[in-house]
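Just so it is clear, A, B, C and D label the chains in written order, and each chain counts residues from 1 on its own.
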Amino acid sequence: MPSVVVAGASGYAGALAAALIQRHPRFDLAAVTSRSDVGARLSDLYPYHRVHMDLEELDVDRHGQADAAIVAYPHGAAAPVVAELRERDVRVVDLSADFRLRLLDVYEHWYVPHPHPELMSDAVYGLPELRRAQIEGADIVANPGCYPTATLLALAPIAPWLQDVVVDAKSGISGAGRAPTAKTHFVAADENVTPYGVAGHRHAPEIDQELAMLGAPITTTFVPHLMPLDQGELVSCYCTLREPVDVDALYARAYAREPFVELTDQPPGVRDVRDTNYCRIHARFDERTQKAFVFAAIDNLWKGASSQAVQNLNLMFGYDETVGLL
Amino acid sequence: MPSVVVAGASGYAGALAAALIQRHPRFDLAAVTSRSDVGARLSDLYPYHRVHMDLEELDVDRHGQADAAIVAYPHGAAAPVVAELRERDVRVVDLSADFRLRLLDVYEHWYVPHPHPELMSDAVYGLPELRRAQIEGADIVANPGCYPTATLLALAPIAPWLQDVVVDAKSGISGAGRAPTAKTHFVAADENVTPYGVAGHRHAPEIDQELAMLGAPITTTFVPHLMPLDQGELVSCYCTLREPVDVDALYARAYAREPFVELTDQPPGVRDVRDTNYCRIHARFDERTQKAFVFAAIDNLWKGASSQAVQNLNLMFGYDETVGLL
Amino acid sequence: MPSVVVAGASGYAGALAAALIQRHPRFDLAAVTSRSDVGARLSDLYPYHRVHMDLEELDVDRHGQADAAIVAYPHGAAAPVVAELRERDVRVVDLSADFRLRLLDVYEHWYVPHPHPELMSDAVYGLPELRRAQIEGADIVANPGCYPTATLLALAPIAPWLQDVVVDAKSGISGAGRAPTAKTHFVAADENVTPYGVAGHRHAPEIDQELAMLGAPITTTFVPHLMPLDQGELVSCYCTLREPVDVDALYARAYAREPFVELTDQPPGVRDVRDTNYCRIHARFDERTQKAFVFAAIDNLWKGASSQAVQNLNLMFGYDETVGLL
Amino acid sequence: MPSVVVAGASGYAGALAAALIQRHPRFDLAAVTSRSDVGARLSDLYPYHRVHMDLEELDVDRHGQADAAIVAYPHGAAAPVVAELRERDVRVVDLSADFRLRLLDVYEHWYVPHPHPELMSDAVYGLPELRRAQIEGADIVANPGCYPTATLLALAPIAPWLQDVVVDAKSGISGAGRAPTAKTHFVAADENVTPYGVAGHRHAPEIDQELAMLGAPITTTFVPHLMPLDQGELVSCYCTLREPVDVDALYARAYAREPFVELTDQPPGVRDVRDTNYCRIHARFDERTQKAFVFAAIDNLWKGASSQAVQNLNLMFGYDETVGLL
């Protein structure tokens, strides 16, 4: 059975990835590593994941013997780890932003100087519903951001007709990460709703890049909001189209055979996808405003990060992509 | 001191209105009435309001002797009560939708046959920041809906330049009313976010009507969402303008002297206006998308209903509009 | 593969039981029935369970052909269904209180006249950690109440030394059931904590009955509280002992080989057992007060109801009791 | 009008104290000080308090000219500030534990070496319902801890009959303070309930000290729990009495004329006292267990800290104790 290392398993996404690999019937969890919590038992940090393994320091000599790795490092810090693992021929799903953007200058405008630009073209953008075939053969899969995941699944079927789109996104607090901050303090987040990143969020260029590839060369209006819940993400998309289209038919056709996309008659609630790899989508054409409304719900830590990473790994290793995820 | 009756005090908005009048230094709370809970003590239904009065059946002979009334009935049921009270010369703030829309056919399209269309032209739309002078002389004030309150305060300063606007609104569960339903069940609402009214929400024509009067004859794209919190409402407005404007200057000028509007450097959280009559607004021009982004937060039960009713009453009786509300 | 009917699948516990059987590798979900929602698709009521079956009216001729049934009816209504199913030789796990109490008069004091007292002695109290052997051979298993489950697991190891115990219990709102009521309204439950059943809760005699069988013939002080969360239950037990005992050793010995009991060094949080069949227990002797403190956390819908029912079914059908539950 | 300085106004309790003094009709808020946030505007830290003053460094020469101070420093750090302010004859309400305990060794066992033991005997324990007369003449009032406040109000009427008591306490997350920690992170606290301080909480000796003075020389069993809400505290007290007493009569007599104690027929919810100085109490004798059950709800930041401080200040300055608090 292929062995998988999770590098950076002390954060929310890494810890969940470790739990998903541990319970996966066709991968072995070889090791979990951490920069901040070496020596701690992962199940002491996250009792509910029940991964009773000690967090190790990353050692590429040893961990590089694994067949695959899920890397859950912050942007900028991920690329060097990916590079080292690739030298040992480890196949990598990277949860950071380091390999999502195709253009170096776009990456460096929104993030930091790229530590390994030479690897950028090796990476495949890991949204299986759009890039299944490429992912199967990839050695570096750039796992999409949570907002781009939901937004692109919401918009792909009508992308060729998109003239303008407003994406109002709502995320649970786990999206802000495990570090305790003034914003993630319970008293600050509870009974509150707050827009953030209004001056420009890094997921916007990622959305624009992929929309362009789908035939919509537009500048997305994208504003995320923090919601008082732990896991869950909803994107509400208000789309101006170049011409009226049969929204129902387009979505039905696009997603008829997708195992993880659920089309609904009513707007989805994030609760309905909690702790799953599903994306639930409701799309409709609104006669009153002549716009298409599309709402997509995912679990930001699952389909928005860790379970999508496993879905990608499944594809990379030739498995049915649902293995270990239903 | 003028006496005030609160008719329909067993709902959230009516009960809060009663509490606000009870603690108001210049109004007397004469009576609280209810259709569903006659005989119950209001403080048994809402211990935290501490209004130790029994709910009475509405008796226009008796209650019509009050100087003013806040009517918190459902639409369609409110108008007959308002009519009866007006016959006794009681000045009324009506929390329902019955007198908000100017055009009978618009009202009847979105609501029900109007029981008293002859009174429609007597009513003033009670958004003090926009109609202060008219409210002062009015005998029927139609208290705005919660979403129109936040949206109109958000958009008024740039209305003349509005070409198109998407309003993504988020509200706490108290906005769904006191009736226990599948939607308001804790287990359904907790850890959830759900769009609703996507096929058309009754507050949309109200917003359009008032925007038109402010110089923006547009069809607003408006979709509300339920959020897992009790009180609070945020409207996120994405505005396409006819031409670039100095957003900062327009808002500063419009609201410099408004006692209940707070302009902020950062996007507001609903927590910051909880249990107050304030509307907190952050407006900015976004260079990337060439749109104006405006975020406005209110407490849906306060500025979105009951405290705004008191603000209106203050104006109607010649008081400083902040009396009893700071 | 044995087939299982879930009777009463429209409530929280029944719906979850159906989901657990559906994903169980060694049971077939034969049918889901309901009294209130016949014809509805279970996945429309509970999208997150993804049980795409229609709710049927219970038909004992047809459903009596199943090998087993999980009955999730209210007390009083469950016994007649159990009786009918037993006539067809269906093996039953009953989630109601109808077969939990051994003494008819105790049952009838706390509940209603018993419809089938003749079956009471056939039933086994289905707490696997205490009655594994009996459950294996039983045809009627009375699934314990959620509070007794947590309390008995918390107290069993020290029961012979118990002189007096105060059990302060805390439960999420799902424990109050699916019916929308004033108490389960989000606005009532949110940001609130309330004791209830203080005049006597029906789980107290159930706890006392089982504690007596474990060697503690005492009257438990038991008071539950509602907490603003959906799933989860914590019992905090303050125990006066007849003599000092080695608490650590007793718990270690009692639970060393239990697959679903986790002993912890620190007090457990309910979050750590959410959506699992685990019971997490922290026990300590407090020198200051000379009492034993025991804290036990379960998910009230899982170990407190539906997953425990599956654990029981596993035992009844000779499977490893963890099948389908890890 | 007497001027009041709030020293340590950047924490939750200090900030609320500042807000309460600012809106108080008979005190002037002279200054707000902070150790961590000097120069920041208090309304930037806590927009909802709307105290538009800059936080200053404490300067006893200047701030010592105030008539009174509310000191909201951590234990150990408070006593030196109180000492300096007393040298300038400033009357002080101290929110820390530094002057609550009468016995130096008890203080130093549970806290730190006391910086100013010579002042301990000057301080009055500031629970107005029990020590009104002494508070009126005091120059140092030691504001009680939040748990002791609720517990002592719950138990005072039956203290002379108390033989043993279990106090199971539940608090909202604001009780853990403003510092972002792993425990106060939204994701850790949300949908969770956790006991803490089970090895001994510092409020236990404070409770015992005061119960002894009320005639109950006992060792209280006291365990607090964290609840997923922001403000609010409930203590559930299970009392073994020396002999049966008329619980109803004792509580009615004790609290008949207390402006901030509400006796209720049903167990109180913390929501009913949110943002108030009220303590809501339900007491009953339980025939089944022969124990008295008493439940008391307060807002931990208000009656449990800041509004009680204002109640104390009112008494110290000869005002009606309800001024500014209704």
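What we mean here is this: contacts are C-beta pairs under 8 Å (C-beta built on N, C-alpha and C of every residue); 3 or more make two chains touch, one makes a residue touch a chain.
As the structure is a prediction and not an experimental result, all values here were calculated from the model.
Trainee: Could you tell me which chains make contact with chain A and chain D both?
Mentor: A chain counts here if it touches both chain A and chain D, which gives B, C.
Trainee: If we define chain centres by averaging CA atoms, which chain lands farthest from chain A? Would you check?
Mentor: Chain centre farthest from chain A's centre: D.
Trainee: More C-beta contacts across B-C or across C-D?
Mentor: Between B-C and C-D, the larger count of C-beta pairs in contact belongs to C-D.
Trainee: What's the distance between the Cα centroids of chain C and chain D, rounded to whole Å?
Mentor: 39
Trainee: In whole angstrom, how far does the Cα centroid of chain B sit from the Cα centroid of chain D?
Mentor: 37
Trainee: How many angstrom between the C-alpha centroids of chain C and chain B?
Mentor: 46
Trainee: Could you list which residues of chain D touch at least two other chains?
Mentor: 188, 190-191, 228-230, 268-269, 271, 274
Trainee: What graph shape do the protein chains here make by touch: line, ring, star, complete or other?
Mentor: complete
Trainee: Would you pull the chain D residues touching chain C in the complex into a rising list?
Mentor: By the definition above, chain D touches chain C via 166, 168, 170, 172, 188, 190-196, 198-200, 204, 219-221, 223, 225, 227-232, 234, 236, 238, 240, 267-271, 274, 282, 284, 286, 288-289, 291, 293, 295, 297.
Trainee: Spell out the part of chain B that touches chain C in their complex, as residue ranges.
Mentor: It is residues 12, 173-174, 178, 180-182, 184-191, 228-230 of chain B that touch chain C.
Trainee: List the residues on chain B that touch chain D in their complex, please.
Mentor: On the chain B side, the touching residues are 23, 47-48, 190-191, 264, 268-269, 271-276, 280, 326.
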